[in-house]
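One chain, chain A, links the two complexes that follow: it is found with chain B in the first and with chain C in the second.
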Partner chain A sequence: MTLLSPDFAEELKRYSDDTALACFNCGTCTAICPLIDGHFPRKMIRYVQIGAKERILENAPELWKCLHCGLCTQTCPREANPGELILGLKRLVISHWRKA
Partner chain B sequence: MYHPGDIIEAIAANLRATRNPFGIPHFIVNRWWREAGLTAHGDAMLFTGMMYQFVPYIETSTTYLAKYEDTPLAAYLRYARYAPGYLSGLGLAAITPAREKRRFDRILQDIVRLLKASEVDFYYRPELDRYSGILLYDLGDQEGFVRHARWLANRLQKAGIKKLITVDPHTTYALKELFPKYTGVRFEVHPYFELLRLGGGNGRRTTVALHDPCFYGRYLGLSDVPARALADLGIDCAPVDRSGAYTHCCGGPAESISPRLAGEVGQRRLDQLAQTGAPIVAMCPICLGNLRKLGAEVRDLSSVMAENL
Partner chain C sequence: MTQANEKPDAPAAKIGVYICHCGGNISDHMDVEAVRRRAENLPGVTVARTNMFMCSDPGQEQIAEDLKNGTVNRVVVASCAPSLHEATFRGAIRRAGANPYIYEHANIREQVSWVHHGEAATEKAAVLVAAATAKAGRLKPLTPIRVPATRHATVIGAGVAGLSAARDLAARGIAVTLVEKSDALGGQLAALDRIAPTGDRAADLVNELAAAVLGHPGITVLTRTEVIATDGYIGNFKLTLRRRPPEGASTADARYVPFQGVRPPEPSDAPSGELTVETGAIILATGFRSYQPRPGEYGFGEFSPVITLPALVRKMAERPAKGRLLQIDGRPIRSVAMIHCVGSRQIPGIHPEDESGHLNEYCSRVCCTATLDAADRIRRNHPGTRVYELYRDIRTYGRGQEELYEQAARDGVVFLRFEADNAPQVTTAAPGEGFALKVKVADTLTFGETLEVPADLVVLATGMEPNDVSDLVEMMKLPVGMDRFLLEVHPKLRPVEMPVGGIFVAGTCQAPFDVTEACNTAGAAAVKAAALLADGQVELDPFVAEVDVDRCRGTGACVDACLNPGALALVEMEVGGRTVQRAQVTPALCLGCGACVAVCPENAIDVCGMTLGQYEAMVDAILET
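== the complex of A and B ==
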């Protein structure tokens, strides 16, 4: 069970462009990602959409597998900018770690 | 995989204390220019951003990180942030082989040869040539990056610097895109290969497999420029699977957090480049370092061009 934070997208705006809701979860980002690692980054973007902040914090180290290569952003059919969203999540998590 | 927080806090602490992510004193890292015969006045300042100079130290540190990744000892990295910056930096400098430092210094000297051969009016001021902070940006430490970028932008601005010639994609992206956005300071920035006018070459025709780094190929859309500079010297680029805006990452950006992952991604890219059968050429110090670590013979763009002058 996971507690959802309805205002999470609002919180993320401080760290990233507000593009998560443009994503329709087609999985192009995951297919093109050079990591070839499960459902990354689609899973993280889905967590943002539903406000699953706890899930993101629990799995936070996974975010740093991202190479910031930009291939997902280049190929996203919805221009949801997944690469920048992952970078924004890294910033949010660092801020959370530093406050802890 | 290491805990990202441990790596980020160690790098951030070093950068805060020493302006260098490894804590190595500037006069030790930046020695390449001493025999390059450079002037201190001209139209544009050559700005290396220290990335090529850092590669030998990155190679040494990631060798140790690779050794202890996913072992119980990895947890001790959390104490690295408390080590005095210069102390750990001097230690790293002492165990890094001098021949590797010379190898990467020679790349910068080759870039100088190319600029001089193209009659570019440039100068160099080693005291102003500092690290851009780009690694902190990529790792998500926005606060640390902006603090460092403001310090550097202010320093360059006070010295009256307006035009910069860069040598690597990460520093180019930082100065061209991030500095205006986050510091409000704008410089005219040119990667060195944009300024080359090297018609002719030595008459030998060769073909290379040119690896486009993500920041040149995708973020800055500059892939055609180095290919044209090579063509001017009679060097052709073999078609590489995944190039230009769709280039494949070398894996290097993951090398501090997970050397294993950096190796896996790098091997995929190496396979694509090796398929061409042509000698592999890189134009980014991170790509060059990571692909070489996998055992490939990879040369830098500037060295290949300098030898074909």
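== the complex of A and C ==
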């Protein structure tokens, strides 16, 4: 059970461009991602979209698998810029490090 | 067992058989030429032809030619279903100067080539053609029934559909009585603010239509009025109305009351009590009511921040305010959860039935766009308020609606999707959580994870239910669907028509429609009613019961069996110097159902164009082929 944070989008603005809501959950980013790791990065983008901050922090190690090749950003049909969002989430996670 | 008055006039009948290829639809699946050869040898047939498309001009011309030069005087066309082209060929015969009722149709497409192939298809087509030919030999020229029609129409219900229909009818020169149960014009449209996706103000639409209707001298507007009895038939209905006296003082001017509509002027001499109206056609525009959630459905009635979409629309319109946060009932709203499909698309076994045992299994069609519009409006006017839409499917089907969906997403509306059998649950939030409520949902877009949406406001996108018109249904003998909406004869071939001649439907009494669609059906109903009454007389098909007075013994069995009161009666007449009772048909009221034919012990009554003798000949032909 995850309680959503309606203000998460505001909070994330300090770390990343606010593009997650452009995403319509098509999964192209996951299909093109060379990591072939579960639903990465689609699931993370979805967590951003709905404000599931807890789930992002719980799954933070996944973010560091990303090599920033940029394929997801290149292929995203909605220009939601998933690559940049992943980078922004890394910044968010770092700033929360040791606070928890 | 051919009846005496139905002697096969085979020597006189010269039957033409015309077999259609339907461009391959028929001829690709059977040997059309073999069917033609067999038809040629049937008794009474003088010519049997084929054509690539019988319904084409050259096809129809062929029939007309054969009629004009005397080659044929009975016509059989073997082609598609009669619902498609029977009227076409009757028309061709009429244009050739012959009686259009010397026509018989054999359906060799839907009943043959679309379901059988090869030899079996050829064989069945030959049998159907033989049966039709046998009947054609016994067809008599018939005369359509003409009844005088009152050039007046009555529209029941003064919502957007009723107002539109009344205006359109009056514009065609038909006098109109517009009957409305409430005391205002505008119906459910008046309860809205702006109409998605165009953004028109509902109040402007209501005011414009009401002004057109109230300003037209040919339209009599009767608010606070109900229909309490109906009588008569197409072109000649008689309605009894009951009008409640006004509650307030008389006024000379129409007055717009927000969210209620336009109250017409109340002259001091306005009629009240029982009134009768003689009218030629009736348009039912009785509309819908918004689904009222069950107590406890998504917390409705249990938690005050749970409201319906119509309530939200009204609250936002009554207290329009910009500001970072939406305010509802004086409370700042940081987060709104909007739940779709409330009271729509209900599934047996999942959703409980209402107290009368009904489930609304249909989609109400307008709530998705209305919800998206409200959500987008909140996001634009109150950027600090977050909006979550919890949906099963989004249906933004009309022009400009998909763009609205797109815009709502761009404006930051968050979409969560649930399964019907795992619906969201609305509960109060824990004291420390800062929000009034939370909505628990298993979100299929987040891989089925269970999420809790904090919400200061929960909005239920309630669907449409037809207004209860069981009294009118009973009085006018109207068909009602399983969904309780009125059923038109055929959605494509005879839209907005009720099977009872002269009665039409407009707007949401027929199905959930948006305002545009309601106006479209209102226009269609108005045009059909105006066309019907244009001549001051109505022509009806002559397929009605006919009594053979020589055989009738006045048993009255037919009168008892008759389904339409008034269509059949026993009357006194002189036969052989004695006064006896005999059955008599009122053709305009006869439905042509044949219930009387089945019960007559003397075989003294028949339905024209479908006589027992004709059917017996068809059965004989089928057995002999």
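By definition in this document, the second predicted complex is superposed on the first by the 97 of 100 C-alpha atoms of A that agree within 3 Å, B and C clash if a C-alpha of one lies under 4 Å from a C-alpha of the other, contacts with A are read in each partner's own complex, and residues count from 1 in each chain.
Convention: a contact is a pair of C-beta atoms (placed from the backbone, for glycine too) under 8 Å apart; a residue touches a chain by one contact, two chains touch by 3 or more.
Computed from a prediction, not measured in an experiment: that's the story for all the values here.
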Original post:
Taking chain A as the common reference for superposition, should the pair chain B and chain C be classed as clashing or as fitting?
Top reply: fit
Original post:
Now for A:Tyr15: first (chain B), second (chain C), both, or neither, which partner does it touch?
Top reply: first
Original post:
Touching A:Ile94 in the superposition: chain B (first), chain C (second), both, neither?
Top reply: first
Subject >> Which of chain B and chain C A:Leu67 touches, first, second, both or neither >> reply: first
Original post:
Draw lines from the C-alpha centre of chain A to the C-alpha centres of chain B and chain C: what angle do they form, to the nearest 10°?
Top reply: 140
Original post:
Should A:Leu35 be classified as contacting the first partner (chain B), the second (chain C), both, or neither?
Top reply: first
**OP:** Report the closest approach of chain B and chain C over their C-alpha atoms in the superposed model, as a whole number of Å.
**Re:** 24
Original post:
Touching chain B and also chain C: which chain A residues?
Top reply: none
Subject >> Contact footprint of chain A on chain B as seen in their complex >> reply: 1, 3-5, 8, 138-142, 214, 218-219, 245-246, 248-249, 251-254, 257-258, 261, 265, 268-269
Original post:
In the complex formed with chain B, which residues of chain A make contact?
Top reply: 15, 34-35, 60-61, 63-65, 67-71, 74-75, 87, 89-91, 93-94, 97
Original post:
How about chain A: which of its residues touch chain C in the complex?
Top reply: 1-4, 6-7, 9, 21-22, 24-25, 39, 43, 46-47, 49-52, 55
Original post:
Which bits of chain C are touching chain A when the two form their complex?
Top reply: 334-335, 386, 388, 409-410, 412-414, 416, 433, 438, 440, 443, 445-447, 449-454
